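Chains: A, B and C, in written order; residue numbering restarts at 1 for each.
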Amino acid sequence: MNRRNREWPIALALAPVLVLVLAPFAWLMVSSLKTEAEIGQGAPFQWPADLMWRNYADAWRIGGFGELIGNSLMNLAGVVALTLATCAPAGYALAKMRFPGREWLFYIFIFGLTIPIQAIIIPLYQVLFGLRLIDTLTGIVLAQVSNGIPFGIFLMRSFFISVPDELVEAGKIDGASHVQILTRIFLPISLPAVQALIVISALSTWNDFFLPLVVLISPDIQTLPLGLVRFAGTYASEYRLVFSGTVISFLPIILLYILTQRRFTEGLTQGAIKG
Amino acid sequence: MRLDDTPARGRAAMRPSGTASRDTLGSALLLMAPALALYAVFTLLPVALTFWLSFSQSAGFNTGAQFTGLDNYRKAAADPIVWQSLRHTFLWLAYHVVLAGGLGLALALAIARLGRSGVFFRTAFFLPHLVSLAVVGVIWANIYDPFFGLLNTALTGLGLGAYTQGWLSEPVLVLFSVNVASSWQGFGLYMLLFIAGLQNIDPALYDAAEVDGANGFQKLIHVTLPGLSEVMTFVVSLAMINGLKGFATVFVMTNGGPFYQSELITTYIYRLAFQAQNHGQAAVLCILLSLLAIAITIVFNRWRARLAR
Amino acid sequence: MFKQLVRTAALAIVIAASSAAGAQTLRMWGPEQITEPLIAELWNGIKAEFEAANPGAKVEFIPPTGTISNGAVQAAIQSGVGPDVILTNSGIGRIAVVRNAKQVLPLTGEYEKRGWKDNIYPWLYSELQRQFGGEIYEVPDGLDALGIWYHKDMFAERGWKIPASWTEFAALMKAMQTAGVQPLAIGPRTTGSAGHLFGSLLQAASGREAIGKALRGELAWDDRTIVAGAVRLRELVEADYIQKRMAGLDLEGASRLWFSKRAAMFVAGPWFTANARKAGYDLANAGFAAMPSDIPGETIPTGGVGWSWLVPVNSKQPELALKWIDFVLSDAVMRKRAQHSASTMIYPRELKGIEPATPVLKEIFAVAAGGVGYNPSVYLPGPVLDTYFQVIQGLISAQLSGEEGMKQIQAKMSEAK
């Protein structure tokens, strides 16, 4: 009872905090609708005389955002698909199969969790170069998936461990191979884990900057964050373009989040807790 | 899934059960082959090669590398920027844990007490987390512009012109300023984790505390915070590991400057490897970074194990 | 001599092998500001003429994503899908980086074979020969001349004039400050821009000869004669003629201050016309003068080779690349570029009877005709450059004294030898 009465003061106290936290977004969006001269006045509370929606059209065209978003989407699709394809079977094997060296293999995978990508980037670049995968979508997908395998395996394994062994036994009695047990029995009931893995790998791939910075050289294959930084650097003197381009670069995912809000949050929390 | 359930079940599953048949390594490898192949080529191999690189010298990707022993390590130890970037990295971790972790905790504590409006606040506060750190860098670099940026012009507009600073030029402020941007992006996830953790605290404990006459503050200290201890440890370790990976915001906003005042280990690695083409020394820093990450992980795993007892 | 023969032979073999290919596309990295409509117009014209003169050849421009200083060129060459010919910021320091990483072809033989050595200023050719013991890896495209850009209307209104001596210049800046105008704007996060201001100060304080000696390693950077320039930069910061806060700005952030007339002066080169156009600044109002010096005869712009052509070792069209360079060096093309309103630099040989379309360019050419000093950003050895630029940031953010900064640069210079 007490708590319900005290909801209003808390909400009231949170409101200014929210304003402060979201202020950068608000300022960015208002400024993106100003003319270059208005931006140059440096008056943050000033509303633009005319709403320059043109800035968005120009930024989109000049910055090639359509292409950037396309590249990011392909990047994301590749990573999510490959991550699921590699981590689900491996997680199952480590959780439900008993074989010599199982614990050792698990620790080898977990080792990757501690290594930041910057620590292996030089030879990773050389490996990709040797395989002629620099500046290709394949190259970056492989590198990103490999980077995400430790976490993905940990997640799937944790989930599968909590599934009763009896299901495996039952499958074996029916004469099914492990692959069949995995695909026909375990995966269908793994929605929470799969959802978590999808949300986490999708978000981290979409926003990845460091690997694309190193691997993707040509402007026509670059992904969104990298593209925006280059765009902001090249057109730095046209702030109206930089601002509107920046808004374009985060608007899609924010809209997606608002629409699928619960799944997103659940996925992230589940994933992080398991991890 | 309650946090406390998993360890018990995990332990039970790992104990070999009497009736289970054993599988062959081969059949297991079949399932693990794709993951193992990718991981070996794109993670394990580079780890090994980094090690070797740190003992060699090369001028770039096209030139050959010669074994030079501990030369690179000696040079790194003598390089003042290495130590500076190490110090900055520790500071960065501390800032990140306090700013992002602290904000996440404070907001979670507030939001957990709300009903429907809690969902709204939770959604709204999470928005910054969706933005790529690189894009965050572009946004905040403009916010911090000393002459036209949001922060200084807003302060001036509110009559607080005396408080304007060179946020990205003042040596004392620059690392902190960049970290504020990074933490602004980061706190959302920690907030969610704390909210989940708070939901897992048994309400009966609160009722018991009330019966004992505890007020709000005492409930916080004696029920909430202890109940959150495992999540807090987890969040701190996660924040530290994320902090170690920090790169994009610094790279975009200051590129380690002015005069190395915001240089982190990660940005120095990039500078050495890709701008100066000095791979041997960069590799030494890579090893350093890995050792730090491993140390943090070990320390926190031990801590969590101790807490679980 | 033998090495030269071997290298020329290697180049010949590479060229022969690739000429066997059919319809050829030349991928060119650059030009820098291709996104500017005027510059695009100029270069598309040049491209069309080349394609017409070389049937079967196509030219494709790759908009640069950076320079050698920030690793973008190296990354592009390294990627194996990069350009066949490159136009980028040069100077011995930057060229050394790509040369040491074995990313660019030596072009020494071509200077003889194709007569390039007669197509550029003789002093420029000797300069290039001196850099790598006779081996030349670049073909200069344009020279830079850096000095002070100021607002003609602002100066006329207040009766200001860029003086000829440093002492008067300091007094001018004081007057500007009293009048409530920021004397100088600088954006040191863009390393090139940091070097422009600092190079000009060094030049004005110590003179061409001393700086030349320091760049060749004959004079220490922390020698009393050279330190003066660094000390002056600190003095400008102490007097607030340059604000400490500018340390975090890049070229665009700083030039914004100048275009909006909050700052009176900005150190830049002829390429600044493109920036001005983008910002909508009326170029007729721009004036140019060299950094004043107390040393007689040293009130000259600093500069050097600004941009050069490079041929990557893995260029898929080396023969076509050389043809292209020939073409760009030809009289017809050079005159066309010099007369175009998008012209942004000084050309590597004397062009008689050229009237630049933009008035401020005329001023720059006139000032530069009296001689150009050495911009250290162009002449410093590769490994020293990063420290050099960081020291400038350190000076502007008041973390270092002039002496300390120069000591650091000298330390790197001795290492680099």
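As a convention for this text, a residue touches a chain if its C-beta (ideal position, glycine included) is under 8 Å from a C-beta of that chain, and two chains touch if they have at least 3 such contacts.
What you see is a predicted model; the values in this text were computed from it and never measured.
**Student:** In the absence of subunit B, which chains stay connected to one another through touching?
**Tutor:** Result with subunit B masked: one piece.
**Student:** Tell me, please, which two chains come out on top when C-beta pairs in contact are counted per chain pair.
**Tutor:** After tallying contacts for each pair, the winner is A-B.
**Student:** Provide the C-alpha centroid distance between subunit B and subunit C, rounded to the nearest whole angstrom.
**Tutor:** So the centroids are 40 Å from each other.
**Student:** Please report how many Å separate the Cα centroid of subunit A from that of subunit B, as a whole number.
**Tutor:** 15
**Student:** For subunit A, which residues are shared contacts with two or more other chains?
**Tutor:** As it turns out, subunit A has residues touching two or more other chains at 40, 129, 214, 239.
**Student:** Two or more other chains in contact with one residue: find those residues in subunit C.
**Tutor:** 75, 78, 253, 256
**Student:** Of all the residues in subunit B, which ones touch at least 2 other chains?
**Tutor:** Residues 61, 147-148, 274.
**Student:** Inside the complex, what are the residues of subunit C that reach subunit B?
**Tutor:** Listed in rising order, the residues are 69-71, 74-75, 78, 97, 100-103, 188-189, 243-249, 253, 256-257, 262, 313, 382-383, 386, 390-391, 393-394, 396-397, 399-400.
**Student:** Please name which positions on subunit A make contact with subunit C in the complex.
**Tutor:** Residue positions touching the partner: 36-37, 40, 62, 129, 132, 134-135, 214, 217-219, 230, 233-239.
**Student:** Note which residues of subunit A are touching subunit B in the complex, please.
**Tutor:** 3-4, 6-7, 10-11, 13-14, 17-18, 21-25, 27-28, 39-40, 42-45, 82, 85-87, 89-90, 92-95, 97-102, 105, 108-109, 112-129, 142-143, 145-147, 149-150, 153, 158, 161-162, 165, 169, 172, 178-179, 182, 203, 206-210, 214, 224-226, 228-229, 232, 239, 242-243, 246, 249-250, 253-254, 257-258, 261, 265, 268-270, 272-274
**Student:** Report the residues of subunit B in contact with subunit C in the complex, numbered from low to high.
**Tutor:** Subunit B reaches subunit C through residues 59-63, 144-148, 165-171, 174, 254-255, 257-261, 271, 274-277.
**Student:** Applying the document's contact rule, which stretches of subunit C touch subunit A when the two form their complex?
**Tutor:** Contact set of subunit C toward subunit A: 35, 62-63, 65-66, 75-76, 78-82, 250-253, 255-256, 259-260, 275, 278-280.
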